[in-house]
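Read the structure below first, then the notes.
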Amino acid sequence: MPTLGQNQYGKAETRVVRIVRDGAVHHIRDLNVSVALSGDMDEVHLSGSNANVLPTDTTKNTVYAFAKEGGIASPEEFGIRLARHFVTGQEAIRTARVRIEEYGWERIATAGAARHSFVRSGQETRTAQVAFDGERWEVISGLMDLTVLNSTDSEFHGFVKDEYTTLPETRDRVLATEVHARWRHGWCDDREPAPDWERIYADARGDLLAAFAETYSLSLQQTLYEMGARVIDNRPAIDEIRLSLPNKHHFLVDLTPFGLKNDNEVYFAADRPYGLIEATVLRDGVRPRIATD
Amino acid sequence: MPTLGQNQYGKAETRVVRIVRDGAVHHIRDLNVSVALSGDMDEVHLSGSNANVLPTDTTKNTVYAFAKEGGIASPEEFGIRLARHFVTGQEAIRTARVRIEEYGWERIATAGAARHSFVRSGQETRTAQVAFDGERWEVISGLMDLTVLNSTDSEFHGFVKDEYTTLPETRDRVLATEVHARWRHGWCDDREPAPDWERIYADARGDLLAAFAETYSLSLQQTLYEMGARVIDNRPAIDEIRLSLPNKHHFLVDLTPFGLKNDNEVYFAADRPYGLIEATVLRDGVRPRIATD
Amino acid sequence: MPTLGQNQYGKAETRVVRIVRDGAVHHIRDLNVSVALSGDMDEVHLSGSNANVLPTDTTKNTVYAFAKEGGIASPEEFGIRLARHFVTGQEAIRTARVRIEEYGWERIATAGAARHSFVRSGQETRTAQVAFDGERWEVISGLMDLTVLNSTDSEFHGFVKDEYTTLPETRDRVLATEVHARWRHGWCDDREPAPDWERIYADARGDLLAAFAETYSLSLQQTLYEMGARVIDNRPAIDEIRLSLPNKHHFLVDLTPFGLKNDNEVYFAADRPYGLIEATVLRDGVRPRIATD
Amino acid sequence: MPTLGQNQYGKAETRVVRIVRDGAVHHIRDLNVSVALSGDMDEVHLSGSNANVLPTDTTKNTVYAFAKEGGIASPEEFGIRLARHFVTGQEAIRTARVRIEEYGWERIATAGAARHSFVRSGQETRTAQVAFDGERWEVISGLMDLTVLNSTDSEFHGFVKDEYTTLPETRDRVLATEVHARWRHGWCDDREPAPDWERIYADARGDLLAAFAETYSLSLQQTLYEMGARVIDNRPAIDEIRLSLPNKHHFLVDLTPFGLKNDNEVYFAADRPYGLIEATVLRDGVRPRIATD
């Protein structure tokens, strides 16, 4: 009989919006929560017995109840509370992994004292992944869809040429990418004070933008490493970062057929294909744990 | 033989990024341009003769050449130059319609004097549609995907109840929508000075946000009208505005099974279905011209 | 005071799946229904009074109740029942427009007599739009996302060359498009028997595929006209058809740098930009009514 | 200094369409190819030296040249040729992973002998992932977006109830999912004859559909296991399969407010949230190698 291997289940993409009313000043957190539970689940696969199965509908309800009861201080803190609940609350559940996306909102400035109007920021999506096995925690924070562009200070030359190479070298190109970053916190033990998740998020995001803007780039790999190293150097609470950077090609349009010179002014923004550059940057001596793709 | 009716053709979604280098300070405009041309095109449909057909590839090339030659002061101005070129340049082409989407970029703050790093704003997409028939212009500007939310000051009650009505009345709900707005400028004659497209865009966007935030809402229709009327009242250059507002439902989660009271704090953000509210608001005496859906 | 122009509202994208159990043989219809109602709606916009407003939640409920009560014989028939209900049931509602998308399912062949397993066909989405003003009907059926490709029998030459034209002529190219078609039925009067919507849909779809495959094409416009004319010629119940055909460019890859000849064998399938060809084809003497974009 | 960890790069989503002309009968393969290369790449990250970097543009060119030279017998075979080329052709490159998506096309039936017209099938996307380290091969085939539904023979009861559980038990529900499957072939050594990739794909797809349709389901986990076990039992060349099955909830609509009984006939097809069930099924004694998420 075929063997059952790794398995997990839970409710994905529970959309919860939590409003806090501080008088006329409201606060908002807008999350998309996905729960994956593992444990003693052989029987449900082999015979269909649900005796050990907490329904995914219940994991959804729990998200809503916890949003009410303890609020949402940060995606990381919220994920930790949820993961702890599932692992400690059900005998059959041994590990929980909670993934959260957070969508940012900015206030709309208005004349009066009321502060209950918001516009979605639309920039990056913040992410958090919390895993718990009953003993140790693994918290991986990050962001995705943060699109950045340098209109100069990027070169690409000196590369290998084989029989299929036609790309010309360039000393000045547009470098654009959509940053997908995940960073793992050193914190893994409940008995230690948890990091200030909000602060670290803002700081790491700032590091990534600054390193992207300030790096004179000879290749996207170099920019990637500088971005990762900036975070590792500046944020002692972070041990490891994984970056996935699609090279959003901006091709210089050939205007010579029209008697025009394109002096790095007019570009075609291509969709596909795109270069994809991925790497992990680690604090010296640390063992990598963020999954590669 | 079946008759040929209205027809148009052109290149859609030409992605052009234009960089202006003002010393170390760079500027960026990022457009998606779609051209539709009409005119004396019976033969290409009936016999396949391309004698009157300027290739769509050429309309694409023209976008790039014009981006170089005259720059991109605004999507409206760029669309006007393109439309004029096609209608006046080709005998067989009688009308041109140019649709443009613009994606916003913000500067990344850096230490030095260099200013060539950008992060995509990710908020609304700005739109412009320019139509020209050789004599008169029609310019419709707008925006889409601007997501806004009021966490209070919205009621919904007093509505019709028929045999299929189960919705309870509410005196306090979340009101959220994704604004899709198009406004038509009164300007239509070349010999009159064109409006300041950049300024009007920023102003109309501000009107929409302010009216959304400041309206105590008894229905999304009321909010829609207030948003449209604010633009018409404040911007004499604009004659007409069409708003399409999906009601992005945020349903209050029933927490009573868990012994919890949900005092307008925890919401489920639903995807589908959604209410869809659409209307045109016009300057008094003006004839509507923006297409309804 | 600004004037209120055309306005409409209703619930969009109500997803209803209707199962019919004929013993062990089940049947399935899978629809996405969007309702738009208009009428005496000034007050809700101007003062927020909902006295004339049937909630969009009710239009959703009505979709489900009608799916139960009368079943879903076809999207057109279902839309007609819904539109009639809203216009005749509510004094304030003068017109209703119901748009429906239908997703196709095929049976999974199994050994026993049971017939309750399905796989989504994933090909085109069938569409229907029904409009009713209390007197006359307008039914526009159609399909979208039907992707087709001819690997030969397509040429493109003899076109206009201006100063921005660089496209070479070709005598053999791939022609691919994603068919978006809407056809209007002549039927508009309740007292006349309605067409066989199921039969006409299958027939018109077959016409479009056959005409695409059998036309030796000198331009996509010619192919478009042949497709539309085939439907008008073959289906007397259809008066008008609108086709929107993106030219899904397949560019011949230049393999000469690698010492290879590309004899119409290897293509790059591009995403953007794309040519977009749109036209209406009409029965002789008929006045066009399908909206152009 | 921060350490560089796992890294890879290459061109993603190269869209290649290969036509084979066998007289008037044409054949088509339509792929989306993503290449990821690893090896001696420290310098490009640390100093920006591209001395070891074969440009991603070259990996794209190679895809096109190989499509011409050897054709595309199957995605697996094509991926193997590409991976071998990169690992054996460049000293600095130690491993290559090629991911391929294939889109299916069916012939459009026509009257004459010509066979060059196709309609995209639109059902599942076929996938293949080939990894090579210079010695051993790992080939993981699969499919995604195959949407299936059973309208009966599915129950869900006997599950755990905690304080957040409100879900009622059911003895008859709709079970629908979008199959995402990846199966690993035992073949890993060049010197052994490769499997018949085309045949195994069709067979495994058939196994998945049949097991889904024929399983009387007490939980989606049970259905998942039966689907995986069917493939392992029937296909000796396959050692391991990973299934990811979103539970596409079809909620029975409560029609009692309208005086109607919903006897498993009318469902609301929900978007989010959804249950997500994932597991690996293995041939007895085999070590799992397919990445879990």
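We call the chains A, B, C and D, going by the order they appear; numbering starts again at 1 in every chain.
The rule is simple: a residue touches a chain if its C-beta (ideal position, glycine included) is under 8 Å from a C-beta of that chain, and two chains touch if they have at least 3 such contacts.
From a predicted model like this one, the values you see are computed outputs, not experimental measurements.
Each step here moves to a touching chain, and the least such steps from chain B to chain C number 1.
Chain D is reached from chain C by a rotation of 180°, derived from superposing Cα atoms (nearest 5). Between the Cα centres of chain A and chain B there is a gap of 30 Å.
In this assembly, the C-alpha centroid of chain B lies 38 Å from the C-alpha centroid of chain D. If each chain is reduced to the centroid of its CA atoms, chain A and chain D end up 24 Å from each other. Among the residues of chain A, those in touch with two or more other chains are 15, 61, 65, 164, 166, 257-258, 271-272. For chain D in complex with chain A, the residues that touch the partner chain are 1-15, 34, 36, 41, 44-58, 60-62, 65, 89-90, 92, 156-162, 164-167, 217-219, 221-222, 224-225, 228-229, 232-233, 240, 246-247, 272-286, 288, 291-292.
Every residue of chain C that touches chain D in the complex is listed here, in rising order: 15-21, 26, 28, 30, 61, 64-65, 67-69, 105, 108, 110-111, 114, 116-124, 145-153, 174, 209-210, 212-214, 250, 253, 255, 257-258, 260, 262, 264-271.
Of all residues in chain A, those touching chain C in their complex are 163-164, 166, 257-258, 271-272.
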